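Both complexes shown next keep chain A, but they swap its partner, so chain B is in the first and chain C is in the second.
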Partner chain A sequence: MKVLVCIKQVPDMESRFKVNGSGDWYDEADLAYRMNEYDEYAVEQAVQLKEQLGDAPDVTVLSIGPDRVGDALKKALAMGCDRAVHVQDPDSCRKDPWQIADIIASFAKGKDFDVIFTGMQSQDRGSAQVGVTVAERLGHNCTTTLVGFGFADGVITAKRELEGGLKSVVKVPLPALVTCQLGLNVPRYPTLPNIMKAKKKEFVTVPAAELLTEQPAVATEKLYPPVKSGSAVVLEGDLAQVADRLLGILKEKTTVVK
Partner chain B sequence: MKALLVCEQREGKILDTSYELVAFADRLGAEKVMVLVGKEAPKVDGKVYLADVDKFGEYNPDLHKQVVLEAIQKENPDYVVFVHSSYGWDLAPRVAAALKVGQVSEVVNIVDGKFELALCNAKLRRTVSPKGARAVLTVQAGAFNAVEASGSAQVEAIEVAGSSQLQFVGYEPAEKKDVDLGRAEIIVSAGRGVGKKENVAIIAELAKAFGGELGASRPVVDAGWVAHSHQVGTTGQTVSPKLYVACGISGAIQHLAGMKKSDFIVAINKDKDAPISEAADVMVVADVLQLAPVLMEKLRAA
Partner chain C sequence: MPSTQIYFLPLFVIALVAFCFSCYQRLQLVAVGTSEDRFDRPGERLAGMFRYAFGQERVLARPYGLNHFALFWAFMLLLVANVSFLAEGLFSGFTLSALPAPLHHVLGLAFDLVSVVALVSVAVALARRLFFAPSYLGNDYTKACSGEALLILALIATLMVAFFLLNAAQIALGAEQTLRPVSGALATLLQGMPQASLELVASASWWVHAVVLLLFMNLLPRSKHMHILTAIPNCYFRNLEKPNVQPRESFELGKRFGVSEVAQFSWKDLLDSFSCTECGRCQDLCPAHNTGKPLNPRRIIHDIKVNLLENGVANAGKKQLPLIGEKAEGTSCEDALWSCTTCGACLSVCPVLIEHMPKIVKMRRHLVQEKARFPEELLNLFENMEQRSNPWGIAPSERGKWANLLGDKEFVAGKTEYLFFVGCAGSFDSRAKQTTVALATVLDKAGVTWGILGREELCCGDSVRRLGNEFVFDRMARENVAKFKEKGVTKIVTQCPHCFSTLKNDYRQYGLELEVLHHSELIARLVQEGKLPAAKGVNLGKTLFHDSCYLGRHNDTFAAPRQVIEAATGAAPGEFERQKENGFCCGAGGGRMWMEEQIGTRINHDRVNEALKQQPDTICVSCPYCMTMLEDGLKDQGAEKVRVKDIAEVMAEAIN
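On to the complex of A and B.
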């Protein structure tokens, strides 16, 4: 069995974001990057599937971006993936989901991956498109938003998270692509011995230009911080005074604080 | 300009978000046509293509894609619009891929004819425009106020061939709730900013001092700090209490969608610019772990 996991490296969402000079993306300087949280669940599920099947599946992890994404790939190798593919693209932030999916599909075409895992979305863009589009391009069966994963006899039993706490169960025969929701599993921390072992694993680089065949389908016009409505009353300073003022406001404006 | 609206149902019941699509099309100034895999058409004026859910499945994106493509063929719309939901984000990219057109995900507004999106936990916004003559859109749930469900549709049945290997097994009901946030008048919610599991007890105590219930944001639930029954947001519960106090919650879109209709919102956060401030009536810039004991003492003394 051959397994592919697609991961993205994203800025820490707790960061303060600034618009870049050309006004079309955020300034990447001074940001700390990490593996997209959704993709950590994808990597963990791929490794768990490998373990379930007696180590037989070969797990490739792929990421697109500048040199820094090597860190995310190394983490995935230390979590248990077998080999890494870094699609080098210093300008990946300007590729739209259609092109990112195109690059992945071009890479995966003809390689007969039985199962492909992706996160259900990225934390920065959140388009939730790339995984499904890759599946369509490859003709794989696909379902999304997994919070449960089972595999037996060539069929994935997927538990999907719907709205309001409802879930649904879908059976998906291979070849299949599934997108992973937060909470699907408990992503492992790489141990020191596994980090050392990961250094010896295969790590291939491919220029994005060799895989990209599509023009962008959507253009970003402008990026900007949200316009502050400024309607919130801001309280800060001495805690006792803040507490008094807050309770005063609540007594006046609500009927539930007396 | 014409928009094909892909409505959504669950077990025979039309979802309210379908009426938000109508509101979106009105904002866009587009002529509307609807398509639905279901049992009966939504209560709207205009044409509705209806595919029988017994034949096309409660959930079967391969077959539903064929239904939507058939409606597109008949109507030749400029936009094909879905709700950004577990149904919409699953189906929309399949339709976009089949049409080889761009998709714009989770539209929150229309600004000067461009689609506005939020990114990086709503800390940034951007406007985009699709390049081709046609585009697929998904619209953020709650971003456009639903129109009233009234009107009578002109229904046309849709029949189309298709095959799929997917098998929908069924729904699994939500876990039994130990708390009904939907009925609570006051909710005090804990977010990732409370720091660690042990600190949730302080927020729970604060909730009690207010005479309310404990809520939580998704990361706190995923980390196992609080049970899922307390989760507020699109994948948890949508609430509208008289008072909502968000403690250490930055304000991800999914959380805001679940609580922004509360009568009065207080956010307590160390970061004055956290996106939650957009929804808040009062923004308290403080460490909630330090403020909570002071507040509790005053509430108990009152």
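On to the complex of A and C.
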């Protein structure tokens, strides 16, 4: 069995974001990067599948971006992936989801991946389109927002999170692509021997230009912080007075207290 | 008694061979451990050995220790008596009376008197174990009144009685001329007996003494009384570094990390296990043990010994009996290892200088680094530390924000004397930030120039190191040391004892030798030098000072924070019942700050209740962790009226 995990490196969401000079993305200076949270669930699930099948599957992890994404790939290797592919692209943030999916699909074509794991979406762009587009391009079955994963006899049993708190269970035969959601698993903390071993694992770098075949489908016109609407009121001082003022505001401005 | 030699010689040889074999076996077991250099600075080591082993300094720290001291020195003198006793039995014609008469007489008198001392000590020890045993003598694997303890006491008593009877019979027979008041008094009782009976008494006593002596000798290496043989070398090979900083690890492919099998401990760790006297003092002080956690430092040492003996030389490297796993004799459970606050009470109280806490950290290293098995709360902590270099995971850009109102406070070598290493708590925790500002005020008032690294400051790594995540600590330490060197830092002041101790002591392993001061030391110095304005006096009501483990016990800084409080308030602070060396941890050290406390009662409640007995108005602390733990504890106990204040706040208030 061959497994592919697609991951993205994103800025630490605790960072202070500023719009960049050209006004189409955030300023990357002073940001610390990490693996996209949802992709961590994808890596973990791929490694769990590998363990379930007695180490048989070969797990490739792929990431597109500048040199720094090597750190995220190394973490995935330390978590248990077998080999890494770094699609070198210093300008990946300017590629739209259609092109990113195109790069992945070009890479995966003809390599017969039985299962592809991706995150549900990235924490920075949040389009949630890459996974499903890759599936479409490869002709894989696809199911999204997984919060449960089982595999037996060539069929994935996926528990999906739907809107309104509903869950559904779907069975998907291979080959398949699944996108992973919070709650699917707890990503492992890499052990030190595995961190050491990861340094010796295969790590291939491919220029994005070799894989990219499509023009962008959408272009970013402008990036800006949301317009401030209304302002917060901070109540401070004596607890009893604060409570009275809060009650007053609730009565005046809302319908919760009658 | 010419026949004595014929029978005694083979008996002695058998006993000696058996004894040597037992010792050799145990020595081989100790040699299973990994190498560790404990042979440096012989002068200092010898001095310590005399102080702790022969001087029994720590044994005497508790009242009952006097009894052990008496017994120890009685034994030392009787060692001479017994060597001569054995020589008399082995070589016809050997006798102490061949010595110059005055020396012979002095020795005879000394042996007689010292035997009384030994007998009295044994009686006291027996009475203590039977009638007024302290709670810490026993625990879940041994009782105060254990068969072994009683047997040893009985054997010692028998030796003494037989010795007296032998001497008494010989005095009565006219064969012994030295002045022996006790044996002499006994001799007058035997005076009326016929010569044959006296000879029988002498001969029987001699044999009883001889057999019991050989038995006792062979019992030593096979019981907790092994400490009689190992305690002295254990004191010699003690850790000379204070505080006891965990060793560095090297991170190479194929290496093992931490300790999961006894053979991965160092030989000194294993010698420690044979040196435990089961006195229970560590258990008595341990905050985890005192609050119903599964950790007992003495049990950790005991389990290492049992594991080593059980697995033997051949299996010490294999996991026949696991070292870490389901709690059993010879196996420590993970919950026990995670309960340690690394407060160091066990280290500071052990009479034979056993190093409990570093062994716990070594086993944690295995769990974290090789197994990634740790309480789930720590997953977040480790990620926050790795990603944002602070335990809360707050954006690093927020670190220097507290100083925004003070203007440019960047550290510049040459322009600012001290680097104020604010620490994570002082930078991010809203309560600890008040201490930070207070310290800044005090330094400014004293005219001390200081600067911060702001967003460039990183976590010191204390928590990750004590939690066994040495790999992450190693990176943090290297980055910090490089930064200090790059910035030309020569003097550092911290407001957190954990930063203080890590920068001052742990970083020495990374070649950093700077003047690192805890704010209590710097403020006390400024007071002494008259650099601070006169304190107007603050009314804090009844104060109590709570010792931080990493400032006090680990770094022996007990006086400075008290001096600061006294200078600020005009009166020395009140003291907890358990204070200074015997201080009780707040519960946050060793990375416990970031973990849930679900087993037993809460350590901070224990400490707060101890304080509340004295009805204080203010508890003074010198550590942001203690601040959090005590404030939370007071809230839980419904005693929010009692304030908790850092000594810097107290001083800032007094001079403002």
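The criterion applied here is as follows: the second predicted complex is superposed on the first by the 231 of 258 C-alpha atoms of A that agree within 3 Å, B and C clash if a C-alpha of one lies under 4 Å from a C-alpha of the other, contacts with A are read in each partner's own complex, and residues count from 1 in each chain.
Everything below uses one rule, namely that a residue touches a chain if its C-beta (ideal position, glycine included) is under 8 Å from a C-beta of that chain, and two chains touch if they have at least 3 such contacts.
Worth saying up front: this structure is predicted, and the values here are computed from it rather than measured.
Of the two partner chains placed around the shared chain by superposition, chain C is the only one that A:Arg34 touches, whereas chain B remains out of contact. When the shared chain is aligned, chain C comes close enough to touch A:Arg188, but chain B does not.
Contact with both chain B and chain C is seen for A:Glu14 once the two complexes are overlaid on the shared chain.
When the two complexes are superposed, the chain touching more residues of chain A, out of chain B and chain C, is B. Of the two partner chains placed by superposition, only chain B is touched by A:Asp96; chain C is not.
When the two complexes are overlaid on their common chain A, residue A:Tyr26 makes contact with chain B while staying clear of chain C. Of the two partner chains placed by the overlay, only chain B lies in contact with A:Asn141; chain C stays clear of it. In the superposed model, A:Met196 makes contact with chain C only, not with chain B.
Chain A uses residues 14, 16 to touch chain B in one structure and chain C in the other.
For chain C in complex with chain A, the residues that touch the partner chain are 251-255, 257, 369-372, 374, 376, 379, 382, 387-388, 393-397, 471. Chain A contributes residues 12, 14-16, 30, 32, 34, 186, 188-193, 195-197, 199-200 to its touches with chain C in the complex. Those residues of chain B that touch chain A in the shared complex are 10, 59, 61-62, 84-87, 89-90, 92-94, 96-98, 101-106, 114, 118-132, 135, 141, 165-175, 185-186, 210-211, 218-219, 221-222, 228-229, 231, 234-238, 242-243, 250, 253, 263-264, 266-267, 272-273, 275, 277-278, 280-286, 290-291, 294-295, 298-299, 302.
Residues 11, 13-14, 16-17, 19, 26, 96-98, 120-121, 123-129, 132-133, 136-137, 141-145, 157, 159-173, 182-183, 215-229, 231-236, 239-240, 242-244, 246-247, 249-250, 253-258 of chain A touch chain B in their complex.
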